[in-house]
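So, here come the structures, one by one.
In the two complexes that follow, subunit A is the common piece, with subunit B as its partner first and subunit C second.
Right after this comes the complex of A and B.
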């Protein structure tokens, strides 16, 4: 990128539009954060005064903490599950050459297209038919189904950029297919795998439409608890909960950026 | 014992009913370097990859020292392979790249380190061991790839357009270097190239391929001086090709009439044919000003006008037009003191050559 291209009136327009877009995307989040420190019993904007008491309340709320624990464990399990399923699937889609490849690709990515509400209902019916009563297991299965397409997408994209000759070279040097994958292919697609994993974690963490069908009163992840709270008492503890989640997401993104370079991963 | 004999026996490969390699049989003597030469899509790369084991043949077999390799997976074949884009592992240093094959063979760290050092020495990159591939030039990267392929002491070396990505000067010096190294190690080598100069420079034996089949197999001299088909005559170097019919037989040879102004004296010609194709290399033709040479109309000589003249340093190219519209290409070596082109565009000249330069092509 040369300086010439990013100076003068064109640059001014570009920066203005970019800033506008950023504001448009981030404003709701900033609003939530602002309201969460409001010293009032109702959610009002602009916030009145400043207090951290809602955070204190939320962090002592048994239901919320329990839901956080469940959601984090669920999201971690979902991440592992969707990587275990998604990475080999992506590998087969990119390197494979078999009958029905396109159809299988469409099928694997379909949860991205179908309304999650429908996917959730369908899963509930199937899991009930199978007699699966454990809400935690059902949630895990449901979330893996919903998040795998994200992993497949990012891993397919980064795999397509890997030079197949690298794998051929490794094999001529004496590595079997599995060793080749671990020692040569995986390091090339690490950023794609990490980005897919992060997506899986985040999508699982704030998934409502599928979770709604599969959770029960005993095991309710954060989105359900938030929703319930919103319906019952809409005080600034809801924005406080939301802010905690926003901060968690930010930490996750920054960590990934630090470790593998998220920008590189997403650029792929 | 490093030198292996490699034999292809009726090797074929089909993809969805299109034939990429069609019934190829070939023996590569131990220690020889063979070039598979042909235009893109002629099946040369598919052949090479079948030898490596990266592609499974539809039918036929590859033998190494009389051992049938069909069914032996790539990683057990012990081949060293070079790729056009080098295919170095970008996340590993030069040393780690070279050590990769040794590690796969379970060689101890100490032995591996010694061998890596030797390999780096061999490819003259001793001080580059700690660098990453992205920090090296193209030529250096290919040297690393060569070190990586040689350090495993392969049964054979396979080169897939190894110098194609380098610029001309470097490519030519690497050709000579690679050839010298291959000779010194006595390593059986198969190279794929579409570059005839590369094949002529490096190979003991050239295998010209076309549409998945072997077109001609021979030494550089045989392929260049005695092409058996029109395709080979045109693909290797430039050729003047004339079609004509036999006007009069004399002994083993004949006079071939090409056009009213041009007849050819051919010294050797099969008895059974009446129409033939004759190839004459551009450097075999002599250009003279009118009146300098013999004046009477004779064989292997024609009046022409200079249509284009190109000065190319040590050689000049002349494109001549005969009165009936035929084109003759002439390459003439320039003398060191010569001032530019010897003939100007539009000049009337006589082109003539000796009858041994007339090479009859039986297959058109």
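Right after this comes the complex of A and C.
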């Protein structure tokens, strides 16, 4: 119905650039996936033959499996942590009516515009002074700092859509505040909370700029291990590892799309 | 469940204003307190550390690695005066500006098509634009390393040579060009999404009116669409610039020794040289740069200075 808006030469330019950009976005990812099943000992183009042996190698690689376990546990912990801080804070921001609300909102969202690299470095300095040497705890703290603003953003958006009259009705009918929250408010913001949590999980899982400062040789999450392998390993096990990460991300994207719709989750 | 549904039907829309006010009043205090845990957490693990880092950037580190007095601005002077470091600062600025400009030029067509096509096309484009955002930056950098690989075995070189566009392999990897390509790939969605959201809010009647009055497509774009999409452009440009300026992974994988950015310099100063005050000074400059760009962008967006006088 709206296609007639584009016509003639303008349309040709628009569609050509758009198609070109889609190719630009997909090319490196598809290449990584293609090379991961290449039956050669070095990564070359064009890929040769077909084999799954690099996946077999990766799935027996202790370093990679350890990193996977650490990354998943860290991302789960981060999700719980950022929801515990973020959901109540989002409530305060939407329902509160106090002095300095705008300033506090800006402060709570500020880790989003602050270079994450510097956030991690600053945290490293403080944690070193405190003598906190457990890399797992340090990583958890760092990841919650960068992910909780995402939770605030998605939950604030869905809270703004909640019909407060429904809550007033429940309260008038004698439900206490907790019941009202549990039975009336929460079901309405559930998808926003879930999207925020999923976001926190994915951001934590992929995070490099904070992780690089707080990890150590004993506890290295997946992105760091992959970065090390890039430099030291030249067979297609690196693309195989990368493909596993790409596929996990795709599952996340589809879940997010199902939960709230991608545009809303990101552009909020 | 049914009882509450009935109640909504009966009472629902018109809760008496008095009740509304009363419940608001009682809620006001406790609701505000819900922000306290996160405020405390961020103050302690984000705000205070950031100030601490800024503070070390004006202090001196002795031979034992202890940071203290005297206060000095020498580290900042060093970043600007030593050519090796000044070059990193300029490289960072150049790469960030070129990446943001390219992202703008290429994102406009994509965002326009995304907003104005049939739902199916919109959905596919959205998915392709957004999906890579969630793939690890390390993986995407690696993908570009494979595409751009120097020598005849790289994908780009193989294609160029097979099509006889070039006779000998070209060397793109480990140059600034490679870093710009990688950064564009990583941050492109950050430009498309705000642009698409701004373009989606434009009243199509305005464009139709311009067209009906005889304006050619490019004039409609320049005089109607472009000015009205400025908020999206400003937001997108700020995001892409800030994220590119603060990147570490992409220049580390694709830039090699010839395109070192501020992030890589900080890492080197802290992990290799152990010069905390200098590392902190570079970090402070990076933060200053990012905050300045964000400040200008907020000033432009909130002051509604973008609405063009007619």
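Throughout what follows, the second predicted complex is superposed on the first by the 226 of 268 C-alpha atoms of A that agree within 3 Å, B and C clash if a C-alpha of one lies under 4 Å from a C-alpha of the other, contacts with A are read in each partner's own complex, and residues count from 1 in each chain.
FYI, a contact is a pair of C-beta atoms (placed from the backbone, for glycine too) under 8 Å apart; a residue touches a chain by one contact, two chains touch by 3 or more.
This structure is a prediction, so every number in the text was calculated from the model and none was measured.
Contact with subunit C, but none with subunit B, is seen for A:32 once the two complexes are overlaid on the shared chain.
Of the two partner chains, neither subunit B nor subunit C is touched by A:76. Counting the residues of subunit A that each partner touches, subunit B and subunit C differ, and the larger count belongs to C. Applying the stated contact rule after C-alpha superposition, one finds that A:115 touches subunit C and leaves subunit B untouched. Legend: residue contacts after superposition of the two complexes on their common chain; A:165 is shown touching both subunit B and subunit C.
Of the two partner chains placed by the overlay, only subunit B lies in contact with A:188; subunit C stays clear of it.
By the touch criterion stated above, A:145 is placed in contact with subunit C alone, subunit B being left untouched. Of the two partner chains, neither subunit B nor subunit C is touched by A:59. In the superposed pair of complexes, A:176 makes contact with subunit B only, with no contact to subunit C. Put simply, subunit A uses residues 165-166, 168-173, 183-184 to touch subunit B in one complex and subunit C in the other. By the touch criterion stated above, subunit A contacts subunit C in their complex at residues 1-3, 5-10, 13-15, 17-18, 21-22, 24-29, 31-32, 35, 43-46, 84-86, 88-89, 91-93, 95-98, 104, 107-108, 110-111, 113-119, 121-123, 125-126, 141-142, 144-145, 148, 152, 165-166, 168-173, 183-184, 202, 205-206, 208-209, 212-213, 222-223, 226-227, 230, 238-239, 242, 245-246, 249-250, 252-253, 256-257, 262-263, 266-267. Here subunit B touches subunit A in the complex through residues 52, 54, 73-81, 83, 85, 87-91, 100-101, 104-105, 145, 148-149, 152, 158, going by the rule given at the top.
Of all the residues in subunit C, the ones that touch subunit A in their complex are 3-4, 7-8, 11-13, 15, 19-20, 23-24, 27-28, 31-35, 37-39, 41-42, 45-50, 52-53, 56, 106, 109-110, 112-113, 116-118, 125-140, 142-147, 149, 153-155, 158, 185, 188-189, 193-194, 196-197, 204, 207, 217-218, 221, 242, 245-246, 248-249, 252-253, 263, 266-267, 270, 276, 279-280, 283, 286-287, 290-291, 294. On subunit A, the positions that touch subunit B within their shared complex are 163, 165-166, 168-176, 179, 183-184, 187-188.
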